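Across the two complexes that follow, chain A remains constant while its partner is chain B and subsequently chain C.
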Partner chain A sequence: MIFYRMMRRNAAKLTGDRSAMLDLAHGRLVALSSFFAIIYMVLAVRAFDVSVVQAKFWNMEDAGAIVVAEAPEGKRRGSIYDRNGNMLATSLDMASLYADPYLIADPEKTARGLSDIFPSLNFGKTLRSLQSARRFVWIERNISPRQQEAVMQLGEPGLAFRYEEKRVYPAKNEMAHLVGMTNVDGRGLAGVERSFDRMLAKGQDVTLSLDMRLQHALHREVGKAIDDFNAMGGAGVIMDAHTGEVLAGVSLPDFNPHEPGLSEAAAHFNRLTLGVYELGSVFKIFSTAAFLETHDVPMSTTFDAREPIKVGRFTISDYHAEERILTVPEVFMVSSNIGSAMMGQAVGGQRLRQFYEDLGLLSAMNVEVAEVASPLVPDRWGEVATMTASYGHGIATTPLNVAAAVATVVNGGYLIEPTFVHAGEGGKARNNRNKISVISEETSYKMRELMRLVVTDGTGKNADVPGYRLGGKTGTAEKSGAGGYQRKKLISSFVGAFPINDPRYVVMVAVDEPKGNKKSYGYATAGWVAAPAVQRLVKTMANILGMAPDYDAPSYEHPLRQYVALEG
Partner chain B sequence: MHLKTALVLCFAILSGAMLVYTSQRVHDAQRTLRMARAAVQKETQTTRMLQAEWAFLSAPDRLEKIAGEKLDLEGGAPRIIPSFEVLRPTTAPQMHDASFSGDAGEHIGGHE
Partner chain C sequence: METAIFSRVDRSPLGQWWWTVDRTTLFAFLSLAVIGVLMVATASPPVAERIGLDSFYFLTRHLIFIVPSVAVMVGVSVLSPRWLWRLSSLAFPAIILALIAVLIFGAEIKGARRWLPIAGMSVQPSEFLKPIFALVAAWFLARTKKHGNLKAAAVAMALYAVCVALLMMQPDFGMTFVLTAIWCVQVFLAGLPLRYVFGLLLALAVGVMIVYASFDHVQSRIDRFLNPDSGDNYQVEQSLEAFRAGGILGAGPGQGSVKLRLPDAHADFTFAVLGEEMGVIAVVCVIGLFLFVILRSLARLMEDDDIFCVLGAGGLLSMLGLQAFVHMGSALNVLPAKGMTLPFISYGGSSTLAIGFTMGAILCLTRRKTR
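Then we have the complex of A and B:
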């Protein structure tokens, strides 16, 4: 400043060129000073901004929040829900603890602290890890928030966390086959996880048609039937008879999707959609429907079941041989193979095959799980195939195919395509409302009467639940093996619908290789194995769905009784 | 010339101040947005965690086991479910409307 004043004083005494030079120097000095002054001002303002204005944002909580904000939320896999909004699968961020031994100040104290927090940790092993020369050591994967808090309380800078996405299945085994599972990279491997993989990977949620409560009831009853009859496995399904929505679907044995490696390979097999079985007499629902649809005949029409039928080298006989002439209701009620074979003959091979095709029994179901099988159909559909297919032999299909076809028969005759997606989500249930008619309302009505008769007076008596008018059909089929059909290896199944006057639900239970017990007098047939399971299931369903029993409803099967010779 | 310089300087300082102020506002807005997003994400994560926990706790098999073991409860028979037709009010409601004739209690019960 002093130098500047002296310069001004001297400049005042100077004139000419020297004065101009001094003015120039003066101007430059001012410009330079201004430049530096501005720089300093900017720096001062910025320092004030950073240290005072922005300081309030940088407390620990906000910093944590910002870190969370920078996590890739878009990559999180979507969740799967049941029709009532119950979570069936989701991805949660789980913290995993690791250590950088180089930064651990007191390995012994840290190892002791970690052993206290994680009882599964071995003190010696942990200490060795913490004393190693490596820079990264996993301590524990997928720890709980409480454990994480306890680790942070240790205050050890060498301990840190990594966040990993873990797929969680709250229903565990009960929905394992349908919901499926993912691999360690979060890609769908089975079930809905696989078929909706792209959608879920984008973070979109999926709502299924399944009802967790009904699923539990079905799982329990199929499991009980398997336990009671020491069976190899089983499958079951509950379906909405009008929309085709699968409300519950079970395949046993099953597996825990959290630890799939612990289960045997057989437990991963989905018997409901991937297993093809000869389901026997439940097919009489379809052959009888075909007969009634193609023949305008009264229910009093008779079939001679006094003698087994010989076709080529095959003999068709009845399991419970009545050895008499049977009417249509009697053939259905006592499950006569001979009578059904005759009905099939009357319909004709091509027409019967076409009818099965129309019901969706001869092709793989177009459903939202990848694990679906194509039915096994005779290569050459001749006379023998026609007759045996009439009572469910020589034709193998999945339980889901059969349940959907039964829904078609009882709902008034319009085609049902099963779906696992909730109708509200624009699933296939909407298509089912298009009402593609497969059989007439009249045939559907007659079939409902016949199915009710099976439960009141026929082979399905053990399935009856007073007040709910269940109708259905039993099926006991011998399994085919290397040496032909095996008499002691059965598939016992029952498929029913209720309330039969206006069916809302189709239920099916199939048990693989049941063994007779004391209670069943050694029998392992469907009437003893699958029918009681369906009875228990319908009772539970009524409670869950709040369906009041109607004890005063008129007897639905009554009109058929005149054509039936009842015992006693 | 001096006045001009002073004016330019003033203008530069004013522009600088405005720039600082604007950039500060942008920073603040970005920070607020980031924190709001973080809060939403945290809430979503918490909700997801709670939903999963709820699904575990309310799983039908777990409830059934607890009800059986701790409360000695079993599944009810269908006959315990009444229909609306058989439901009647336990006490007849009192009606004091002079213009209403007949048995008020029964009438209301019928509508139920």
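Then we have the complex of A and C:
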């Protein structure tokens, strides 16, 4: 009872001295008055701040937004465009019709008029709801402008509209993973809709690097490869080799963003950015580049691929076994695991790892969608890991990681980080602002020669498009499952660049679990599955982009021919 | 004309009342009541329609309560302080019983028991507890000051503890907060040494922290105030938007649209409706009106040598000022959102009567003493 003691002391002090007591009370009254004066002043200042100062900016931002009673955000969500200004996502005000039966003058006539306009409405039911005692009944949700016009022509004051914002995706499935979608409240859930949610919610538009036309072509060709080979799924990407802009990106199966609930969960998974796969031999591009970058040796350098290599309990053997001594171009062309493993050994574990890291293969991409996965990298990077990583096993990355690293290798050697945002007319993507050199021009040049050789003479022959000088690399990887790698479950991919003398585009197609068909003589390997898809894709791209073929260009791979002892 | 009715030599109770009561404050209260009727008239129809009542349901009921409330105000202000004390001492036990009855018979609404059905209407006894407690506590504290009767202060402390316990059992933090504020102001005015005042403030801070830590909804309310992105601030956002839309001169009476979207436009967010329809000038006028009443009445108390009047009116004015501040501060987002009505201006149902009593008691205690 602290008060009690205090009161006792005070009372003793003040009894009989009422004027002193009142003086004290008066002083305290002044303090109390000051307190109220201050807090009410704060209120007045705050009222002025909100009503006058903020109102000025608020009115400039969106005058009249308060009139739209049904839009709690007060602003229409911004649109998303492709690089050519085609609309990929936008918000429309959809009218919904309701009635206030209290104000309906002639329910019968109104019900007849409404059932004429809306075939789905039943006259009797409509009449009953119009005659009900309620003040609010929904007649029809999300009606078309034409129907709205017809309703207005009825001239019935008891009929009114509420406007609800509806997100519309003109490209439907084709862009679903990258553009993403929103929830019913218009907040971004996935893709660009999610990562740019703040901007879009403020009403700002976003222009992406995607090209709707290329996206359509890529979507079609990856889809065709999946259909032809009865595959589980697939992914594809077209990237600008110099800016890192993603011109098209596909993950299949996909979903309709207007009705996301109708697709199974797997369809919502973005294989391009969120799926990590052991992509196999396409990694030979990186291990060979590392070898050429660190060893100043001629292309005639040989590797003994006669015997499988045994390291501990592992045996590394070749799929297309040549069982002889191979030169560097031969190793790359026939995709010899043994040769690549030896190159990796020559580079050394730490240096190879560092090289992959510099290419951006070992870390999650810094890209404008949230659905990004970190690559899976061996914990202990020992001798075995070094050798398997040289031909793309034991290390799992997203297809987009690989495409970006290929762009880095072929563009003269400077680092490419992929981006989904349009750099703008004449604008420079961030990759060009500070060019970081990862490999030398010379190595980049050698790699382009090697990649071209794969298409003219090696495993990628089915991808060749005369006149466009495509270079690339196939990769057929066995998927790991319970009990080790599975011979029958493959990921077949092809990653290439063209025109290879000065690459502008990097293209990649990966197909998950293709099954061989008659036309491929039962093969489901990259050369039969992914390479033809890329061939069709490059043909279409050339048409869309208006690239003229050049049949007379000197043979780019010619200097390497002297080291190749094989017949195509 | 008035002088014809109340001559200065008129010694009748009414004549005395007219010359001793603070007429300026009386008119300020009456203008608040008029503004209130206008605000309820414009703000409540959309709310009533939304919950399926007749458009003028709230306006009718507001008029049914505001007229007797004004009568109560005038009636109470005619009383002498002594009679006011007698009335309060009789009402206090009744209210305590009502608070206990609420815990037993009250219907649970949104997780709290606060309402008691009396004569066909819902009454919130705690609304009446606030002014009555202020007067009873003032009387006991005054006894201590006048006669050095220490037991009286102990009684006041015990009554405070009982009231808080009953309120926390509902639970009702808003009321507890207001009651605690009244009590603190009164012991402060009674001359609590400053070091104890600081101790009291410290104890209050600890209390707030305990409440924050132990009740999820209080925590979320405060978190959302401190960090608007952390959750749903729909009402506050709408309220601020209303002020912005209103600007300097407002959209005009009846022309606002925030009331179409705010669930509590007629009660907890009346101030936002005022801001949108009448503009910042009217808003500042209402803020000024409340501040004027508080400062003027406190100033009158300084000339008063009856310690009961000083403590009682000081407590009641603080309650009025704080309640209005919380309402306006919530609408302007200078405080975490806390639903409180704006005295005499918001629709308040039966609690309007308690406000009328409070204002009447303030007028009564600030009357010039005839010597």
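Observations on the model:
As a working rule, the second predicted complex is superposed on the first by the 452 of 568 C-alpha atoms of A that agree within 3 Å, B and C clash if a C-alpha of one lies under 4 Å from a C-alpha of the other, contacts with A are read in each partner's own complex, and residues count from 1 in each chain.
We take it that contacts are C-beta pairs under 8 Å (C-beta built on N, C-alpha and C of every residue); 3 or more make two chains touch, one makes a residue touch a chain.
Just so it is clear, the structure is predicted and the values come from calculations on it, not from any experiment.
Of the two partner chains placed around the shared chain by superposition, chain B is the only one that A:Met212 touches, whereas chain C remains out of contact.
In the overlay built on the shared chain, the residue A:Met547 is in contact with chain B alone; chain C does not reach it.
Contacts of A:Arg135 after superposition on the shared chain: chain C is touched, whereas chain B is not.
Of the two partner chains, both chain B and chain C are touched by A:Val42. When both complexes are overlaid on chain A, the residue A:Val50 reaches chain C alone and has no touch with chain B. In the superposed model, A:Leu103 makes contact with neither chain B nor chain C. Judged by the touch definition given at the top, the superposed model places A:Arg28 against chain C, while chain B stays out of reach.
Comparing the two complexes, residues 30, 42, 46, 54, 66, 69 of chain A contact chain B in one case and chain C in the other.
Considering their complex, residues 5, 9, 12-13, 16, 20, 24, 27, 31, 34-35, 37-39, 41-42, 44-45, 48-49, 51-52, 54-56, 58-61, 64, 75-83 of chain B touch chain A. Within the complex formed with chain A, the chain C residues making contact are 49, 52, 144-150, 153-154, 157, 185, 187-193, 196, 199, 234, 238, 240-248, 257-258, 260-261, 275, 279-280, 283-284, 287-288, 290-291, 294-295, 298-299, 301-302, 305, 307, 310, 314, 318, 321, 325, 328-329, 332, 334. Residues of chain A that touch chain B in their complex: 30, 34, 38, 41-42, 45-46, 49, 53-54, 57, 62, 65-66, 68-69, 71, 73, 79, 86-88, 90-93, 168, 170-172, 174, 212-213, 215-217, 220, 465, 467-468, 539-540, 542-543, 546-550.
Partner chain C is touched in their complex by these residues of chain A: 1-4, 6-8, 10-12, 14-15, 18, 21-22, 24-26, 28-33, 36-37, 39-40, 42-44, 46-48, 50-52, 54-55, 58-59, 66-67, 69, 72, 74, 135.
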